[in-house]
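Encoded as structure tokens, the structure appears first; notes follow it.
So that you can tell them apart, the chains are marked A, B, C and D in the order they are listed, and the count of residues begins at 1 in each.
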Amino acid sequence: MKDKVRVGLVGSGFISAIHADSLKRCAAAELTAVASPTKGKAEAFAQKYGIAHHFTDYRQLLALDEIDLVVIGTPNYLHCECTVKAAEAGKHIVLEKPMCLTLAEADQMVDACRKAKIKFMYAEELCFAPKYVRLKQLLDSGALGHPVLIKQSEKHDGPHAPHFWDVERSGGGVTMDMGCHAIEFFRWMLGRPAIKSVYAQMGTHVHGSKTRGEDNAILILEFANGVTAVAEESWTKLGGMDDRAEVHGSKGVAYADLLHGNAIETYSATGYDYAVEKAGSTVGWSFTIYEEIWNYGFVQEMDHFVECVKEDKQPIVTGEDAKAVMEVLFAAYESAGTERKVMLPFRSPAAKPIDLWKHELGRAIKPTTT
Amino acid sequence: MKDKVRVGLVGSGFISAIHADSLKRCAAAELTAVASPTKGKAEAFAQKYGIAHHFTDYRQLLALDEIDLVVIGTPNYLHCECTVKAAEAGKHIVLEKPMCLTLAEADQMVDACRKAKIKFMYAEELCFAPKYVRLKQLLDSGALGHPVLIKQSEKHDGPHAPHFWDVERSGGGVTMDMGCHAIEFFRWMLGRPAIKSVYAQMGTHVHGSKTRGEDNAILILEFANGVTAVAEESWTKLGGMDDRAEVHGSKGVAYADLLHGNAIETYSATGYDYAVEKAGSTVGWSFTIYEEIWNYGFVQEMDHFVECVKEDKQPIVTGEDAKAVMEVLFAAYESAGTERKVMLPFRSPAAKPIDLWKHELGRAIKPTTT
Amino acid sequence: MKDKVRVGLVGSGFISAIHADSLKRCAAAELTAVASPTKGKAEAFAQKYGIAHHFTDYRQLLALDEIDLVVIGTPNYLHCECTVKAAEAGKHIVLEKPMCLTLAEADQMVDACRKAKIKFMYAEELCFAPKYVRLKQLLDSGALGHPVLIKQSEKHDGPHAPHFWDVERSGGGVTMDMGCHAIEFFRWMLGRPAIKSVYAQMGTHVHGSKTRGEDNAILILEFANGVTAVAEESWTKLGGMDDRAEVHGSKGVAYADLLHGNAIETYSATGYDYAVEKAGSTVGWSFTIYEEIWNYGFVQEMDHFVECVKEDKQPIVTGEDAKAVMEVLFAAYESAGTERKVMLPFRSPAAKPIDLWKHELGRAIKPTTT
Amino acid sequence: MKDKVRVGLVGSGFISAIHADSLKRCAAAELTAVASPTKGKAEAFAQKYGIAHHFTDYRQLLALDEIDLVVIGTPNYLHCECTVKAAEAGKHIVLEKPMCLTLAEADQMVDACRKAKIKFMYAEELCFAPKYVRLKQLLDSGALGHPVLIKQSEKHDGPHAPHFWDVERSGGGVTMDMGCHAIEFFRWMLGRPAIKSVYAQMGTHVHGSKTRGEDNAILILEFANGVTAVAEESWTKLGGMDDRAEVHGSKGVAYADLLHGNAIETYSATGYDYAVEKAGSTVGWSFTIYEEIWNYGFVQEMDHFVECVKEDKQPIVTGEDAKAVMEVLFAAYESAGTERKVMLPFRSPAAKPIDLWKHELGRAIKPTTT
């Protein structure tokens, strides 16, 4: 057992700041290096968080012997290359969602990590959000009987990172950005049974001038154990982030509202600093959240991943899970494109998920259902 | 203009009692007769509500000259015959949901009413529920921008009328029983644009020993104006009736909870008489509703229908609307059966909606998409 | 039994408009006349509501033979004269709250009505608000065990009628304006046991430049049956009217939120017509109420009073009740002035309640506790 | 700076278990010893938490050189002796609420700690509860304007420790047990201005057969800056712990519900392990809390206190604050006994607070208002 786990961050944007804030609160972690290609960004980030090393090329970070764990927070289209190279450098990996752009990339990433015998950990923070952890305990304890319907939704008014508007780099719209949370949430909540089918309804309702990606989506999944799961995702919902889940069982039902339920209800004639992610104005009524990264589970997640490295434990969310999510995302876009339920397992050579919905965006694709 | 509108009830079950209670509160209505086939039931009902005439054969009721308006609250499979005969007798009609068992019946009913030149009114009470009426005003006023997504759901733990377990008499499960509310709600809320397509996910998760009908359903509708609508229906949700709607627009969002939101939050160690429809126990925490039939809009609905007859006005929900709902219900079961999105207009010779999902229940059916 | 009860309104301000709207919905009432001293106001009001007669002198209204019932909605300092004259004219009376300015006036009013043998009805609408009626039923049914603590509060950002800022005409601040609701609510909810004592905390926190009256108040009442009651009143609460009650018993507890609980939760980037009384802006989050006068019980109240006149029944809130409230109001200001609990019965020759708190406002007063 | 702060617990009951659980999550703390007089209890506790030393006499614990910090969780009447002895032994102190039984004891404790130059820290966890910390930030930021009214209440169905029923050992009822939280909450929230006066309403409504202490209390405090504060406390509220606060300001208002607001809303036909403190049954509807000690702030509190010792920092809640709370508690019972507002500063030689309310419980007391 090592004394501290030394961590390098790849990326310096919105999510990397959350990674740094979370790692600062993990007793066993030491933030050692950060890499970001734009000149000056890594340096400023390192200064803000008191990080010893900063680089513009993440390969320099990977070359540092002392780094044990790399946390990847780059744009989606760079995830594959970065993961493979980190695995080759023998570093443990925490990868931000969504995994990558193609199913072939997903295979390549999992293979590279397996070959390098490093831990490939997938940063699905909903599996660590305290309220959702309690929700899973309720279900597991039998309090709700056997599950019938499970729901999760995330809604706000548009992505944090501008590259998400560009489907060439993001691979898709709100389904890629937030639907991936719901998919892993369902798998985790139900104990990861196989997924039988996916149906998706997508539309670009409000942001059509900015993106070819969908800004609203509904996903229906059928699990092998008979449970139906419904995900709702939106980039057009004003008034602050909405993150909710429901579990309907044969003997009961439970509703968990991650943010609104936890908030202070505030009316301010003057407004104030910050209510909640994407809140817009704080004048008038608002729902003031607190300890936001804790409520989302980011701190607990990093704590868990750092401990996995330190104590050589099995992570509860891995690259294999990330790959399973990718498969569903591809199937979801395929469903939106074909207007039918898509059965799993599903394979596709598509260059990015959204090509399966908007065929004109990609090359001609022949989807394959095994 | 007549002084009072004289009303005859066909049926004496759960919903007919609501009709009677509501009509009692309509100044312009006079409850004049009731018909119910089981010996003694109509008599007891007439006594309870102070109704002058009672019959075991509803045709006797139709033969009464003084009756202006007939309110039909019979089991689904009797709706068609009863409606046609009432029209032929020259009575105005209020028909309880769902309309009937086949699309051919729907045609026949609308035709008979048109020919008889009587008002054919469809008792979709959600179009009268005060909270939903206000929700529609919000949307119509532009407060929420243009609509993107609209949701409505009803959930409780099983049908009031036992005949609903028998799909031969009901035509289907929870989609027939409660999904029909959501469909008309969507149409009404959006100003009745055409429906482009329907996708349905159905399952029998808990009540399989009692019924071949689905006890849970998710419906996704696409409207011609680009709006997506999602209905959730359940017969397996414990803890009291749940009736909610959401409107998500480009400039705002509104959430309306018909029952839980209105309730008194009560904790009782001893329990008490009644909390809300299907509440189960009232020991411990419960959500105590009040003026329940008013909150649902039943009184306002009857008031409106009676006024339509009295003043010869155009009802806001008619048999044509009922027929549009039937079309969606058939398309929904077709979608559940074929696992694909079903485009509208949709025609089908099926003997009842559920035959399109569980083919073994019906004769071989060749669905037709025009 | 008369066919219709003919009603005359004295006053044409905020509350008289509510009276008119409510009476319009009472089948047995006929709005026949309105009186208001400012030239043109009664005429405009009569036109708006389709009222046959309008006067600038309410004595002309009282002289109309056909009037059965007078509803008084004038400023507080005119209540006594108006009530006495209406009684002398043999009219039944509905009096808006609060009753009057002095305890001597209260005696005089009750005596005049008793002598004239007319019904003296007191418009405490909370006794008719459907949610509170259900709350009382819960308590009466034993669901909560025996009551221990009962609470009611009303809060908004300042009075509707400008004369309320002037304590010479209103008699006091928010305690007179809204505390009177709580006092009668407590009495009614508990079955009108005697009140043993009153303690009051008052302050002028925000509106000191506009009024010498208190803009915030807390009242603690002890009832003869051992129950404690707490009233909270405010004229400084932004974000819309707040009207809540709680009943804490030995076997349970119940929470009723009259407005916020009933509302649609709305987020609007643009704003819209109306959310709720005193809402301020509707941009951003707001709580959209609907059927507001019904939720408050105004319609039900008028219906009841009209029926009392029509059928010669005993009203559930009378001038005697109004007088009991006055006694508590005087005791409350006495408590705020002496910083001690004040025992009931309490008599005082004060010219208006607030003189007992801010002695410099009145002449020297010697309070009397019998 | 020391590597770890070594902590000894005095007590092994309900609250000491919370102390242990919290300290386990403080990276800088090491649980080293526990003392409890009942044979076997300290040993079992030490075993459960992996604590090296256990004693039946806490003086043996104080004699351990390696102990830096003592956390006192004994019954109230032992707080003084234990604190004085710990100070004399040169240990830093964390003292559980309420401070002690008499104002003379309070003086003695503060003097002993000052003389010993050790840190005397007062375990008011509400000052660390994340939601309330955010509430204070809102107020401090000016979002609500200047404060007008501040409220806090705690309600459940009776004390955890049986000795609390015996006022000889506890000093009083629910005001001593839970009112002390509200008092320090108000002081902390407002920046600790002087308290001008106290008024208290107390009653023994339900548990009269078990205790002479009050089981319900309302406190009204006036602060020197003009703010009114209202505390509500109850030992008779069924359905789970209720812990809420409100801040009403001239420019806004904020509502924080510590438990109910954070909870998952659960309906279970079968019941389950645990919903929330004092929940009673979990069958039917319940409000399922999670990370309860974190939501209350216990972990954060211990973290802060340990850091104060480790880094020699000034604690944010001290023995001086505890003493200020004691003064208000005595004034509150004096108010309940005299039925008047009691001005501060207030001194009293009473042997315990409740003697000032129920004079027959103590010797003849002459209260002193300076």
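As a working rule, a contact is a pair of C-beta atoms (placed from the backbone, for glycine too) under 8 Å apart; a residue touches a chain by one contact, two chains touch by 3 or more.
The structure presented is a predicted model; accordingly, all values stated were derived computationally and were not measured.
Considering the contact criterion stated above, the chains in touch with chain A and with chain D alike are B, C.
Both copies, chain A and chain C, contribute mostly matching positions to the interface they share, with over half of the numbers common to the two.
Contact count check for B-C and A-B (C-beta pairs in contact): higher for B-C.
The most distant chain from chain C, with centres taken as the mean of CA atoms, is A. The mean-CA centres of chain A and chain B are about 41 angstrom from one another, to the nearest whole unit.
Chain centres here are Cα averages; for chain A and chain C they lie 55 Å apart. Counting partner chains per residue, chain C has residues 238-239, 251-253, 267, 269 touching two or more of them. Within the complex formed with chain B, the chain A residues making contact are 148-149, 155, 197, 199, 201, 203, 205-206, 216, 218, 220, 222, 226, 228, 230, 232, 234, 236-239, 248, 250-253, 339-341.
Partner chain A is touched in their complex by these residues of chain D: 27, 130-131, 133-135, 138, 141-145, 251-256, 261-273, 282, 288-291, 294. Of all residues in chain B, those touching chain D in their complex are 238-239, 267, 269, 280-281, 283-287.
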